[in-house]
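Just dropping this structure here.
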Amino acid sequence: MIQVQGLVKRFGYTVVLRGVSLHIPEGQTVVLLGPNGAGKTTFLRILATLLKPSAGRVRVGGFDLAKESHRVRHLLGYVSHQPLLYPDLSARENLRFFARLYGLFHPENRIDELLERVGLLRRADDLVRTFSRGMVQRLTIARALLHDPPILLLDEPDTGLDPHAAAMLAALLRDVAGSGRTILLTTHNLARGVDFADRVIVLAGGKIVADESASHLTSSSLSELYTSAVAGGRA
Amino acid sequence: MRRFFSATWAIFWKDIRAEFRTKDIFTGMFIFSLLSLLVFNFAFDLRVSNVRQVLPGVIWVSIAFSSMLGLNRSFVLEMDRGSLEGILLAPVDRSALYFGKMLGNLVFMVAVEVVLLPVMVVLFNVNVLTPSVLVFVFLGTVGFAVVGTVFAAMAVNTRAREVLLPVLLLPVMVPVLIAAVKGTANVLDGGTLLEQGDWLRVLLAFDVIFLAVAFMMFDYVVEE
Amino acid sequence: MSRLRSVFKGVAVVAAVLMVVNLYMGLIRAPDPSNLQTEVTRKAQHIFYYHMGMNVMAGLGMSVNFLASLLYLVMRRRWLDVVARSAAEIGAIFGIGVLASGSLWARPTWNTWWTWDPRLTTAAITVLLYIAYLMLRNAVEDPNRRARFAAVYGVFAFISVPITFLSIRLWRTIHPTVFGGGNAGAKGSFALGPTIHQAFVFSMITFVFVFLAFLLLRVRVAMLEDHVATLREQVLIRMSKGAEV
């Protein structure tokens, strides 16, 4: 589903990604871990078509990212810690707007369904600027799911959420993951990594330093893996 | 094609609707224009005998500077929340984003003018609401919206932000300012619209040429 | 890089030689034009060879910037951005030179340092456009974005110049037109005898070489700067890795 070969990304003179290669098959849930500055956000943004690679090839859903980014965008849902929503519009208006952009011409049912699913149906007509952070994140996920994308990219979606909201989010994500979607999630929360994923990848210093199946990992063994991988990656 | 227009329209309406709720842009632009009229009054001593001569310049300077406020604001709002990215994520032609934004900016500017011009009629006792004047006002405003939208999208992304937009925009807008002021002055002096063929042609040429250039160049401004 | 250096050296030598000859031809060999009235205006006319020369440089600067900007947007090669920026810098500086030398000439001839006549005004606006271009470059941190934004602005700026000129020309001009035709009432037009003509043509050619020399030099410096920055980045990385052990 997602194929990355030799991905390099430079910002000016700083090299953030130094030749990342991986393959994520359809339906897999991958958790991407790594210290700050490792390049996780950059990596996700490139996959989301928000950034262009400096070198390397990326194919998403069979389409080349550089040449057919238009088609790739149909396949992706992206959630970042920035809301990407309009505070002066209501939840429903926001979703309607994005639905139009994705070419969904009669989205009302879908919008209601999604609002219900993320637990915001009652607040559908309230302006987003009145929402708490947890509610904003939930609406952002609804937005990402509008066009029912087969691939979901989430960049530290639990940042700034209180434990209750984070738990709601986790439940929501588990629910979403179940439907055969390919999911790539970055987080600092190691426990979630173990809980949620099929596969754990650690990114440090712009390179992949660990890539394990999550089935045999526990919270503590993951912690060890992470620490040693990151230390190794800096050498 | 349908998707393109649909996206343009969606973006346009989104800006209008959001603006309706807060009225930030409109109020800011309008108050600024009023204040600039006030300042001009003191600067040029706009009592009866001078008025007609100075008025075209006053109109256009007010429009020029208040439009820069509006242009900046419309992109600042997008940038601060990262919401521009929400649009960029979607399979939408970047030019649709340009058109939607440009039309939104145009509407804001026209809305301010719709209120400002009658105020000027009252304050200066000169009828600036003739069709001929309005044609010039409209064509000139289109010029500002067409070029200003592109430059605002760039300026907002820089360190200098609001300070940079006038620096970038005004030298390029000179033909519009000249043609609009001259044309407005001539029709206020009693000339007919048809006699201003030269100036109209300059404005139309500017608007059309730069619309085409902006259409081609905007992609490069928003892509990363 | 070393090839660039050799080319630059070659062009610089040619330009220097030409300039020396040009100074001779313009200031010494070329006679004072016969149709001008006062001693001062006749002497001042010699500025013309350098004024027009700098005009050529400014014009080349603009054109090269436009081409390089367009090509950059299509091809995304870094050297195109370097050339665009260098051309804009040269264009801006020599544009200011045009205005300054024009003023020096204008004072005795028109009895004023400046007028708002179309050509001068367009020239002034053009200089402002390129200064705005440089300010835009200065305000963007990321090099890729800087190159893109600058290229877009460069395209807009270049296209606006003819429209600006035409719109200003709908007013009368008092700027002398050298090549026949134009406004007979323009003050200060001078007759183009053969020696003057020669000096003039020679001057144009000289300044083209001077432009090339400056451009090559500036591009070289910019590329060296890039190189240094890349090396510095590499050193920093190596140092930070070493420190981890």
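To keep things simple, chains are lettered A, B and C as they appear, and every chain counts its residues starting from 1.
Everything below uses one rule, namely that contacts are C-beta pairs under 8 Å (C-beta built on N, C-alpha and C of every residue); 3 or more make two chains touch, one makes a residue touch a chain.
Since we're looking at a predicted model, the values are computed, not measured.
Relative to chain A, the most remote chain by averaged C-alpha coordinates is C. Averaging the CA coordinates per chain and comparing them to the mean over all protein CA atoms picks out B as nearest. Chain centres here are Cα means. That of chain A falls 50 Å from that of chain C. Chain B and chain C have CA centres that are 32 Å apart.
Centres computed as Cα averages put chain A at a distance of 39 Å from chain B.
Multi-chain contact residues of chain B (touching two or more other chains) are listed as 223-224.
Residue positions of chain C touching 2 or more other chains: 141.
For chain A in complex with chain C, the residues that touch the partner chain are 11-15, 234-235.
Interface residues of chain B facing chain A in the complex, by the touch rule stated above, are 3, 6-7, 9-11, 14, 17-18, 21-22, 81-83, 85-92, 223-224. Considering their complex, residues 147, 150-151, 154, 157-160, 164, 167-168, 171-172, 174-175, 178-179, 182, 198-199, 202, 205-206, 209-210, 213, 217, 220-221, 223-224 of chain B touch chain C. Chain C meets chain B in the complex at residues 73, 125, 128-129, 132, 135-136, 139-141, 145, 148-149, 151-153, 155-157, 159-160, 163-164, 166-168, 170. The touching residues of chain A, when paired with chain B in their complex, are 48-52, 70-71, 73-74, 76, 78, 80, 82-89, 93, 97-98, 100-103, 105, 127, 143.
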